[in-house]
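In what follows, chain A forms one complex with chain B and a second complex with chain C.
Let's look at the complex of A and B:
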């Protein structure tokens, strides 16, 4: 963690005044800390508030902080402390899940920047929805044995490529982070809506293959 | 969550499943989707004069989405365009006893009717050389 600039407010441990890398626990004195509700995932994992999220850094911090809050280390502690360890562990893991995946990270950033929700912006172009119909037709035909495994494989490859393309487009709109209320956020919402249809079809394809 | 008997009936015996030839000038096609769940619904109408003489649907989604679109096609068949436009999602909710978490399925069906009619009107507009 970078040293705290003189004039900035830097979180400190309430027990030993040590600088905090994560609000979950103090790396200096080892104390478990109770975390304010709605603490953003990047603060929990000591990452920048940004679209870019280096996998190595994220995993390193997740592993390191896991060792500080893992319930296994509190197996013989007082019930309240054990509970806090479980709670903070869960917070750490859900923060990791949000940041580790391009789509969930984008969804979180969009919400953080006050962008439109999937209720506010739901229109998709007819051509796109027609494609979604076609994917579903292929999946349905395969499920009742009317199309080959090759057809399903080719659909899956297609859908994975589409998902990757959406993630790349998200990066173009979210790096650098737009201002709250910027028009780019509407594009991000539409991309995330498209991703939802893609994910759903991929889930069906996976279920069919199993 | 338990489905009502009416939902189950439409789900098990969906009415008017199928496809109309969307190349026909008197066929309107509407495709709508729900991003929150990935459901997608296609509803088509065949119109003679001002009356809907046939309606077909194809829905990939949950039981409530299938039932809502099945019911919608049943209701709009034989209606005029104006009457079909007046079908409200709340009537579908009431008829199928949809729980609050499934209301968006009925909204989807209403949107699908409107979208199919809009497509038909757009076609009819171009058909008579944009004089409409």
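Let's look at the complex of A and C:
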């Protein structure tokens, strides 16, 4: 652990004053710490507040912090400590889930920057409307046995490709991070609305196959 | 040998925890010893305990091998495959009922139970009996150490109700349950220890009654489950059922409907099917031989592996669909899998092996005994939990999405499936009417969009919301899935800070109060069983004493002093009436009384025996 730079505000452990990598626990003295539930995911996982999120770093930090807070290491501890381990571990896991996936990370960044919610802005990019109808048709046809498993497979490939394309578009709007309230956020919302359709269609395709 | 191992164990400083694989067809235990997991077995025994319970007419139930041996002779009092009914209701058992030789009913709270000898047993209580037996044998294998701490494995695809039921069973068995872990994950631990290599692993676990597929990444000693899928009602039992159905089909011409439903026939056919299936894993053909002495049914049929493979193909197809689902959720394709591990007795089937190899495009690992690998993994996890090592960490997921029912009968997902546990979500609720002081919500688990198609876990009632206009109350409800994958719910009214009280009504589970009652009852029954056995012993002893005394009555009357004779006569009189008494203490008093009163007679007889023995001998011969 590098020492805290003099000019930066570095959180410290209330027990041993060691510099904290995560607000969940102290890597110096090992103490579990009490954390506010709304602590942003990037702070919990010691990642930058940015669209880019290196998967290797994210996974490494998640593994390392899991070793500090996971309830498995507190199985025979006092009930209060066990409870705190459960709690902090849950915070760590939801922070990881938010950052690990492009779409949930974009959703969180959008909210963080004060962008429109899915209730305030329901539209999606025009070109998606036709596509959504096509997808639904293929799914409906397959459900009543009028299209082949190959059709379903090709639909699934299309959907995955579209999902990747949406993620790339999101990156264009979110990297670098726009100012809070910037017009780009409206586009981000619309892309995320489209992404939700893609996800739902993928779910349907998977359910249909099974 | 056993003592040597015992000494090593007693020298180790780390406390121990038992890993228990509570299986559909058999259960077994393991512990960590000298840095390696080992199966606990009594000297010369295999350590695996058939998950079978027999209720004899008198005395306590038998569990394990002794119980399984009763299956044919006493089918209606021998219970199998309890695990299939954990956390389930009567409606869930419908498909199995025709094959079950005993009656299945339901408690008022929708918990399935079996009726045996006029008593009802929930799967939780029955599983507790199995756990106690496995634990007891395990402790004996450890030379008598009472290891109460335990890790119990469950299928990865077990839902909250099934996990909760497993927890309740552990509590009823008097175990300190440190953790519930998923069977495929446990298996990966056992393999991971051997291999020590990073990569992506698929664990294909086809057990006696359940199927799981888990995809894991192993890196730096962290076993992270990426996705899991499965079917809690698909396993070896279903392969047996194919052969039972064959017998029923082909015997339909010879036997009437009643004979085909005869409990002895059903148990006999089941056991024969299991034998035949095992044979078919080794030989190209095997004989299905059903022999029921009680009804004179004798039936033989040669089954070829090709036939059996054709019948079982759809079952294997179902497992491969699960594999596809798990891979999709892990966002991987089959080519990305570095290693495939086979777990569960049913993976001995050559067809299963070849189909899995074909699907993943690689030869699966079968080095470890598929019946033991889960218990071994549970022992490793137990070692971690008691602080034995920090090198390894399991990060597991919840197999099913968790949600609440919305106004329109749809499900609103709070925790998507394959989220890493522990995890929590806080959701806001409000009131719909003025001065409404309670809110009810319905928690569900499943992947379907309508609440009615998902599994109902519980209904929660929030109480004690301060009276205020509709929509003003802000109740924050925190849903927490703990490391066992079991749900807890907490609520707080945010405008006043009042902690709302929550009443839980599990859909197919036991309430805390019910578990308490069962615990009390089981203690009471333990006493009752003990008393029954003691009473039987006392009566036998009394019988022997009475017989011996009465045989020597003439001697007694002639040679005893009048006082001793009177006392003996009174004691004899009282003891003759003891056969009717069911009071242990009274019977004990009678036995003690007769013993005391007959002491002078015994002394007399001893003297005469001694005299007669010495009669023909000179003193120096003695």
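Definition applied: the second predicted complex is superposed on the first by the 203 of 210 C-alpha atoms of A that agree within 3 Å, B and C clash if a C-alpha of one lies under 4 Å from a C-alpha of the other, contacts with A are read in each partner's own complex, and residues count from 1 in each chain.
What we mean here is this: a residue touches a chain if its C-beta (ideal position, glycine included) is under 8 Å from a C-beta of that chain, and two chains touch if they have at least 3 such contacts.
None of these values were measured; they are calculated from a predicted model.
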Chain B versus chain C as contact partner of A:161, first or second or both or neither = neither
Inquiry  = Quick one: is A:70 in contact with chain B, with chain C, with both, or with neither? Answer first, second, both or neither.
reply    = second
Ask   = Which of the two, chain B or chain C, is in touch with more residues of chain A?
value = C
Ask   = Is A:10 touching the first partner chain B, the second partner chain C, both, or neither of them?
value = neither
Request  = Answer with first, second, both or neither: which of chain B and chain C does A:122 touch in the superposed model?
outcome  = first
Request  = Check the residue A:96 against both partner chains and state whether it touches chain B (first), chain C (second), both, or neither.
outcome  = second
Inquiry  = Just checking: does A:196 make contact with chain B only, chain C only, both, or neither of them? Give me first, second, both or neither.
reply    = first
Chain B-touching residues of chain A, taken from the complex the two chains share = 118-119, 122, 124, 126, 129-130, 132-133, 136, 140, 192-193, 196-197, 199-201
Chain C - residues contacting chain A, complex = 15, 178-179, 219-220, 222, 224, 321-322, 324-325, 328, 381, 384-387, 390, 393-395, 419-426, 447, 480, 482-483
Complex contacts: residues of chain B adjacent to chain A = 31-38, 40, 42, 58, 60
Ask   = Hey, which residues of chain A end up touching chain C in the complex?
value = 37, 59, 63, 66-67, 70-73, 75-76, 86-87, 89-91, 93-94, 96-97, 206-207, 209-210
